[in-house]
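A short worksheet on the structure shown next.
The chains carry the letters A, B, C, D, E, F, G, H, I, J, K, L, M and N, assigned in the order they are written, with residues numbered from 1 in each.
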């Protein structure tokens, strides 16, 4: 195998960029599924409070989504602004 | 094994492009399944609120789907706009 | 083992094309199973709303199915329109 | 080990053809089991709606079965219409 | 290890033929177990509908069994009509 | 390690013959356990329907057992009528 | 490692003979545990039907035990009537 | 590593003798735990039927214990009456 | 690594002696925990039957404990009466 | 493989930066999903206490989010302020 | 790696002594947790029977603890009275 | 691979610093999620006790958070005050 | 890798000392969590019996803690009174 | 790889120090989460007993926390007072 440092850094950047967003989207997606499912049940149970419920739901979804966005940010950094890659390509 | 940097980068791009969307579609699919299932139960329980319920459902599905789309975007970038691959093929 | 770049790229394309659709069909299938099962329960509970329920069900199934289709698309791209394979065979 | 590219491609085609349909049949089978089980419960609960229930059931089963069929299609392509295998045998 | 292409192809054909049917029979068996168990409960609950229930049960079992049969077909193809094996033995 | 093709084929035939029936008997056994357990509950609940219930139970058990028998058939083929083994021993 | 074909075949025969019965006894044991536990509950619930229940239980246990016996048969064949071992020792 | 056939056969005999009984005792122990626990509940629920319940319990435990005994038999055969070991030591 | 047959046999004897009792104690301990927990519930529910319940409990615990004792016996045989070890040390 | 210390340090920094945030976002996301789902149910149950509930919810979410932020901080340190990387690049 | 038989035996003795007690303490601890938790519930439900309940609890805990003690005994034998270690050190 | 002691120590420090906080944040996050969710339910059930409940909640969260902080401390020590790294860099 | 017996023994002593207490603390902690949680429920249900309940709880916790202490003892022996380490350092 | 005993001992000390506290904090955190959650429910159910409940809770939390502290102690010993490391550095 005729591989050197730059090939190795490129390889792991691709692997981790993909796995980070893949693994990191499972938790938030499932959590959002619970929250949405429970919100629908709450609306069916208390139609009068639909406004309060959906408002609390959307704030909660935003906070949950934030953990998915952390992963997406790290993934994008690794593909487009990777300091380790820049070091080796500029060398 | 007669392999060099460009073969390695191509190889891991294919592997990660596939696994990212494969793993990343499990969470959202299951979450959407819960949300849809619960929405049907809520409609059966409160037929009068069917409009509010389906509207909240579709907004929720869109937010859940977003995490699957993050994965699809990363997968497409790795196949069609991969900066690491471009670096090695242009070299 | 007498293998070179093109054999390696072909090998991982086959592996990932198969695994992507195999793994990616588990989540949507299970999610659709929940949704269908719940819809049948909802019809049994509120026969009057059968129309609303089946309509919401089919929209929901379409959204869930979309994640399976992302995986199928990636799998077909890897078999029939693989840019990495084209690069090595045209070289 | 005296193996070359064509042996490798044949080997992984067999492995993935089998695993794709094996893994890909677990999810749909279980999902269909849930749907059928729930349909029987719904008929026992609302005998009058047996027609609506079985009709919705069969449409749902068809959609779930579609994900198993995606896997079967990929499996058959890998055995009988494999472009990578054709490339190497025609070379 | 004194092994060549034909030994390798034979080896993986045996391995995958066995694993495909072994893994592929778990899902359908469990799904059928749920469906049968639920049908017995439904008969105990609504003895009058025993005919409708058993008829729906058998149609459902046939559809679930189809996924096991996909696996059995692939397994038999790999043992008795394997194109990769034919290629190497005819060479 | 002084091993050649025929030793390898014999080895994997033994491994897969055992694992196929071992893995393949777990699913049907558990599914039959559910069905039998549920049947006993149904008899306790509706003693008048004991005949219908046991008849449906035995038909269901036969269908579930069929997936275990697929595995047993493949296992026996691999031990006593293995075409790959015949090829190498007759060579 | 100074090993040849006959040592390898003996080794895998021992490994698979043990694992087949070990893995293959888990499923039936658990399934029988469910069936027996449910039967005791059914007797406590409907003492009048104790005869029907125990009769159905024993037929069910016999069918479940059959999958454990498949595994025991394969295990005994591999130890005492192994055609691959006979081939190498008679050579 | 200075190992030959007889060392290898001794090694795997020890490994498999231990693992067979270790793995094979988990299923029956758990199944017996369920059956005993349920029997105690049944006695508490129907003290009049204590005799029928304990009799059915002991027959059931004997059948479940049989799968553990299959494993113990194979384990003892591998330690004290191992035909593969006899072959190599008598050679 | 300067290891020969006797070192290897000693090594696997230690490994398997420990793992057999370690793995083999998990199942019985958990099963006994269920049985004891259920017995306490049964006494609280039917104080009059405390004698029958504790008697059945102790018989059940003895049968469950028997599977742990199988493992302990095999573990002691491997440490203090190991025929494979005796063979190599007496050689 | 032509790799030295600096390539290795770069490689593991990328791998761990990605995995830390990926694994570390699963737990908080799921925990927040539970908290939000339960809050919606509590509002539906006690609309009068909506203020107390949402206030307690947001404090709780902040504490849960803190564990995700620990992971994000470590991930950012590894990419942009990595003392091990600085040591090797400055050498 | 400059290792011989005595180093190997010492190494596996340490590994297995630790893992045996580590793995073997999980099952009993959990089982005791169930039994204690259920006993507390039983006392709360039937305060009059507190004596019978705690007596049965302590007998049960002693039997469950016995499986943990088997593991501790094997662990101590491996550290302080290991026949394999004695053989090699006395050689 | 051209690696020496200092590269190795740097590598494992990075790996473990990341994994410690990643794994160690899952348990506390989930535990805090349960506690917060239950607190919201308790407030909805007993609005009068909101003060006692939130006070007990915050003390409990602090104790749970302490286990996450142990992990964060170890992670920071490994990155910024690592005695093993200091030993090798000062050598 | 320039490693000999004493380095190896030191290495596995560290590994196992840590893993033994890490794995061995999971079971008791969870079991104690169940017992404490159930005790709190029992006090809320029967405040009059608070003394009996807390006394039984503390005896139970002591017995459960004993399995964690077995692991801690083995861990301390491996670090501070390791007979294998003493043998090699005194040699 | 140019590594010797002292590098190896340093490496495993870091790995185990991190993993011990990481794994060892999961169990206690989850157990404390259950205990706190149940305590909040108990206060909501029996406000009069809030004092007894919180006192029992804090004693229970202290005992559960002790297993996390065992792990933290071992982790700190491995980093700051490691006898194996001292042996090699003083040599």
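The criterion applied here is as follows: contacts are C-beta pairs under 8 Å (C-beta built on N, C-alpha and C of every residue); 3 or more make two chains touch, one makes a residue touch a chain.
In UniProt terms the chains read A, B, C, D, E, F, G, H, I, J, K, L, M, N = ATP synthase subunit c.
In this text the structure is predicted, and so the values were computed from the model without any measurement.
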item	value
Inter-centroid spacing, chain N (ATP synthase subunit c) versus chain E (ATP synthase subunit c) (mean Cα positions, whole Å)	47
Chain C (ATP synthase subunit c)-chain D (ATP synthase subunit c) separation of Cα centroids, rounded to whole Å	11
Length of the line joining the C-alpha centres of chain B (ATP synthase subunit c) and chain F (ATP synthase subunit c), rounded to whole Å	37
Inter-centroid spacing, chain I (ATP synthase subunit c) versus chain G (ATP synthase subunit c) (mean Cα positions, whole Å)	21
Per-residue multi-chain contacts in chain A (ATP synthase subunit c), two or more chains	1-4, 13, 15, 17, 19, 21-23, 26-28, 30, 32-35, 37-39, 41, 43, 45, 57, 61, 68, 75
Chain-level touch network, classified as line, ring, star, complete or other	ring
Order around the closed ring of chains, commencing at chain C (ATP synthase subunit c), then chain D (ATP synthase subunit c)	C, D, E, F, G, H, I, K, M, N, L, J, A, B
Chain J (ATP synthase subunit c)-facing residues of chain A (ATP synthase subunit c), complex	1-5, 8-9, 12-13, 15-17, 19-24, 26-28, 30-35, 37-39, 41-43, 45-46, 48-49, 52-53, 56-57, 60-61, 63-64, 66-68, 70-71, 74-75, 77-78, 82-84, 87-88
Chain B (ATP synthase subunit c) residues touching chain C (ATP synthase subunit c) - in the complex, by the definition given at the top	1-4, 6-7, 10-11, 13-15, 17-19, 21-23, 25-41, 43-45, 47, 50, 54, 57, 61, 65, 68, 72, 75, 79-80, 85, 89
